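Next come two complexes, and both contain chain A; in the first it sits with chain B, in the second with chain C.
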Partner chain A sequence: MTSQTRKILEFVLDNLVWFMLAFVLAVFSALIPNYFQTGIFTNIIEASSVLGVMSIGLALVIITGHMDLSVESVAALSAMAVGILFCSAGIGIGIKLSPEWLMVPVSLLVACAIGALIGFFNGFLVVKLKMSAFIITLASFIWVRGIVLAISGGRSAQDLAPAIRWFAIERLLGIPLSAWIAIACFLLFSVMMAKTPFGRHLVMIGGNETATFRAGIPVNRNLILAFVMAGAIAGLAGWLLAIRTSGATANLGVGLLFNAFAAVVIGGISLKGGVGGLPGVYAGVLLLSSINTAINLMGLPANYTQVIHGLLVLAAVLLDMFKQRLRARLA
Partner chain B sequence: MKRLLQILLGIMAVSLAMFSPATAETKGTVYYLVPTLLDEFQTGSVSALEMFLKQTGYEMKTLNADNKTEVQQSQMNDVIALKPSAIILAAVDFNALKPSIEAARAAGIPVAEFDRQITSTPSDFTSVAGTVEIGHIASDHAIALLKNKYGEVKGKILQVLGDPGDPYTLDIQKGFEERMKAFPDVKIISVPAMQWEASNAGTIVSDQMLANPDIDLIFLHAAHLSVAAAASLESAGKKPGEVMMMSSNGAPVGLDLIRKGWLNVEVEQPLYAQAAAVAMFMDKIVGKQEIKPGEYDVLGLKSVLTIEPWGPNIKIPGAAITKENVDDPSFWGNLKPPAVAVKSVE
Partner chain C sequence: MTGKLLVLDNIRKNFGAIEALKGISFSIGKGEVVALLGDNGAGKSTLVKIISGGLQPTSGRMLFEGEEYQAKSPAQAKDAGIETVYQDLSLCTNVDVVGNFFMGREITRKVAGIPILDERAMETITRKALTDAGTRIPSLRTKVEHLSGGQRQAIELNRFVHWGGKLVLLDEPFAALGVEQTRRGLDMIRHVANQGIGVVIITHIMQQAFQVADRIVVIRHGVVAGDVERSKTSPDAVIEMITGQTLAGAGPASG
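And now, the complex of A and B:
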């Protein structure tokens, strides 16, 4: 194999998930009536915003070799808190601030602070008490959803303040501002992971925690920070979820966790930690969203949609495994 | 460490004391097995049943199955061991609970079905609005809305189901589609919102409105789904009323959407009357007395009680809520429980 061929092959493997996305979009556009149109592609980007942001936080923790199962419930709690405070119907108490735009930073702060607090709780227990992240965050997944139910009484909040809803309605280049927020997050955190010492330290911790500690890097502090960031980012996802649905229901976001895991794995992040980057995760999120949109448009019998969804995700993951084996042969 | 353990034990003891209220004089304890609490109708049913049963002299305890059949089966087994006066069951799965119902009845504990009719085995009482009938009422209004728009019954309907694993939504779909079959010029596109999650419904509406911009009417199987649907339509630049919408269950959010002009019709499940009927007949259910068929007045609604192969079955008529009657306090979505106490049927 010439070095030129090897370079091309490595480039393809590095960006395989993007090629998969392009392939899937091309196939769906050719086979599904009405799929090939700007509006549908905009919808895919818009529908990816909540899952995308949530996947960033999850990816940060997985890269360190740990796990955060609480992100879905944290997003739901943040969405419910924003809904209760800033919705005017249902259980919303409709707080008004003057000037109105103040509601945007305040609601965002509330959502992220709730997430950061739960993230700190998770991180503290995992790091200081050396407890399993799987168990701790599984417990949080359950009790945080319980709090959503307790504070809402199972009821919904609706009619989010127009100043906050503005992000779902206004568009830039045809894409809603809420989706631009998700894109900005991916850019910001991708740069953080690739270019800052903190980002590189997280990857090192995932690769070999002991060696990283011996190299003088504050492993515990960085791990807690990773959990806090995952929580705060999940809070931001909840804020976007509330904006998207103009309120919150007690079951809002149910099922997002497994899609976030699928996106992270498809995006090339190893569940063992130490491997992967965020751009791939965004491609994974877009891929899942494209599949969902295709299922929505195909008008299939309801009972089969879950089967198709699961099989398509499995196909994507198998392809990713094939990529890793090919890469091992090239090395 | 010892101190920490003492504190933890202390907290547990205080918590247990808080959750063990003093026993009041009642005719007995009734357990309500609710399928989920992530739904306004279900949470409303807990408070309504508790209120009406208290009026007829019973204490009620609730167990939530989180929409999991196996959890509800375990709950049934646990409750049977507690020997309550009766069990009220709103089944997660209409058929999977059959052996548990039979076990409870074999142990001498009467079982009343609430909201979700189980016909595969006898129960002591059933109080339903009828999920298939909800589909029928919705179809009648869909027919009227389309006729009003075109002068004849034709057009395109987007039907947003709930989770496809939930028989409740499949029954509504069955009722809706069997009536709409008579109108071949109406095309129905049915898509499920997985796990009844609102943002899934929002995505479906966004996608379908692009793929089928000629959709005339959207029918969603729960009011909370219509909130996300309205948000998606608003984001797409639509104004209230531009696309006709209907949903079912009569939750407060649905009534708010009618007032704002987004929803044309909300098919109500008569929550208060369904719960009141159970309380009215509880003495007879617990005493295993004969329940006579006939017409009964349940909170002002004429309800028909029949003796079916699966036992006494009272059917409370569901109502269609529109802009004209949305403020009627008898709709549970207005959250104004009836002021008059219910009385046990003699």
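And now, the complex of A and C:
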């Protein structure tokens, strides 16, 4: 194979998700009546904000060669905490702060702090006790959701304080502020991963942990930080989730994990670690969101959505395997 | 060879029931090149890892520049001025040549207080270091996974020459190199030693050891089986020490 064709093939492999996104949008626009309109596209971006933010955290951890299955439950717990504190109906206790805008940073801090704490717990066990991240975070996935059920007693909080709700209602260029938050997160963390030593080190740890350790990079500290970040970002996703639904229910966000997982893998993050970047993950999120919108427009019953999502996760993992094989042959 | 750079005193290392090192004692002087020889499984790599902070000795002590020394991590060894090239290469193949060259020592510039990688500066320095050493790599931005074994080894070697330090440990650094690159590598070692840096080189090739070393230390089954000046021994004598046909430490001076 000439180096020219190899370069082209690699470029296609690296950016496969963007081609898929363009392809899917083109097909849907051609086949589904009413799909092609700006309203739909802003809708797709809007609907993808929670999933997008959550996917960032998951991607960070997978890039280091580990796994975080707890992000969905963490988001739910953060949403429930915000709901209980700042909702005025249901199980909400309706704390009022003055001035009102103060509720925004306080609720945000609560959501992210809860996530960061659970992230630290996960990271500490994985890194210091050398336990499998898959098992540790699977346990967290279960017990954190258990706490959500326990503190809510299965009931819900409604009527979130308007000062916080503002983010879901106010729009800039037709897109709600909550979606801009997701976009800002993608920009911020993309820069972190691609341009700062910390991000570079996370990628290197995913590629060859021994080598980074020998090079004097604080591997354990960086790994724990990655888990803490994933937790805090999941907390932010929970905050957005509470805003979008104006409250929190006990089963809020169920199923998001698998969507996030699919988005990350379709977005080009390899499960073996060290490969992929966050811009691709955003494309993956948009791709899933486009498919969801298409399903809605075609009026398929919700049960089919789950079948399709399951198949998408499977397809994503197959795609990852296929790409790894192809890369091995290119190398 | 003025003053001892590193002194090893009765270093032992057990892996469970396996006694990999059974009390190793020798020393390395400033600007001295020590060839560390021994058969497969003799304990050479284990010793290197103990000096470079990757493993902790079960017992024994080390003096580095006259002071008690014990690295808890490779980072500490590096801070003390000890660079290592490992037998199984230490490159991140998912990252490009420049990224590997600067692994853990990235050049950054502050943008709004945040350290941002200065790719241009790093690429310039990497290019210069590789060109000076006569290593040809088509593009510094290709991922290391696309490079040949020799090219990878060259990156590691150039890395240690560039960063220098006080002591370098080379564990079979030329295993994947061609004739010309090996010759350059040996020159590099002499060059580094002439700057007063101590060098420990592990190799299985007798000729290399005799070409570059001031002193030859042989390890056999975890003990020092010989510690002789190169000018006072011969390849045959060393081979006898490695295979154990003479008594420990009694390398005959025939040559």
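Observations on the model:
Definition applied: the second predicted complex is superposed on the first by the 286 of 331 C-alpha atoms of A that agree within 3 Å, B and C clash if a C-alpha of one lies under 4 Å from a C-alpha of the other, contacts with A are read in each partner's own complex, and residues count from 1 in each chain.
Definition applied: a residue touches a chain if its C-beta (ideal position, glycine included) is under 8 Å from a C-beta of that chain, and two chains touch if they have at least 3 such contacts.
Because the structure is predicted, anything quoted here is derived from the model rather than measured.
When both complexes are superposed on chain A, chain B and chain C sit side by side without a clash. Judged by the touch definition given at the top, the superposed model places A:311 against neither chain B nor chain C. In the superposition on chain A, contact is made by A:206 with chain C only, not with chain B. By the touch criterion defined above, A:275 lies against chain C but remains apart from chain B after alignment on the C-alpha atoms of chain A.
Once the two complexes are laid on top of each other via chain A, the angle at chain A between chain B and chain C, using C-alpha centres, comes to 140°, given in steps of 10.
Contact with chain C, but none with chain B, is seen for A:195 once the two complexes are overlaid on the shared chain. Within the superposed three-chain model, A:46 lies in touch with chain B and out of touch with chain C [touch as defined at top].
Of the two partner chains, neither chain B nor chain C is touched by A:102.
Of the two partner chains placed by the overlay, only chain C lies in contact with A:217; chain B stays clear of it. Annotation for chain A, partner touching more residues between chain B and chain C: B. When the two complexes are laid on top of each other via chain A, the two nearest Cα atoms from chain B and chain C are 20 angstrom apart.
Chain A uses no single residue to touch chain B in one structure and chain C in the other. Listing the residues of chain B that touch chain A in their complex gives 37-40, 42-44, 161, 164, 170, 173, 189-192, 194-200, 202-204, 206-208, 210-212, 224, 227-228, 230-231, 234-235, 251-253, 256-257, 260. Touching chain C in their complex are the following residues of chain A: 195-197, 200-201, 203-204, 206-208, 210-218, 274-275, 330-331. Interface residues of chain C facing chain A in the complex, by the touch rule stated above, are 52, 54, 73-75, 78-79, 84, 86, 89-95, 99, 103-106, 108, 114-117, 145-146. Those residues of chain A lying in contact with chain B across their complex are 33-35, 37, 39-40, 43, 46-47, 50, 89-90, 149, 153-156, 158-159, 165, 168-169, 176, 241, 244-247, 249-255, 292-293, 296-297, 299, 302-303, 305-306.
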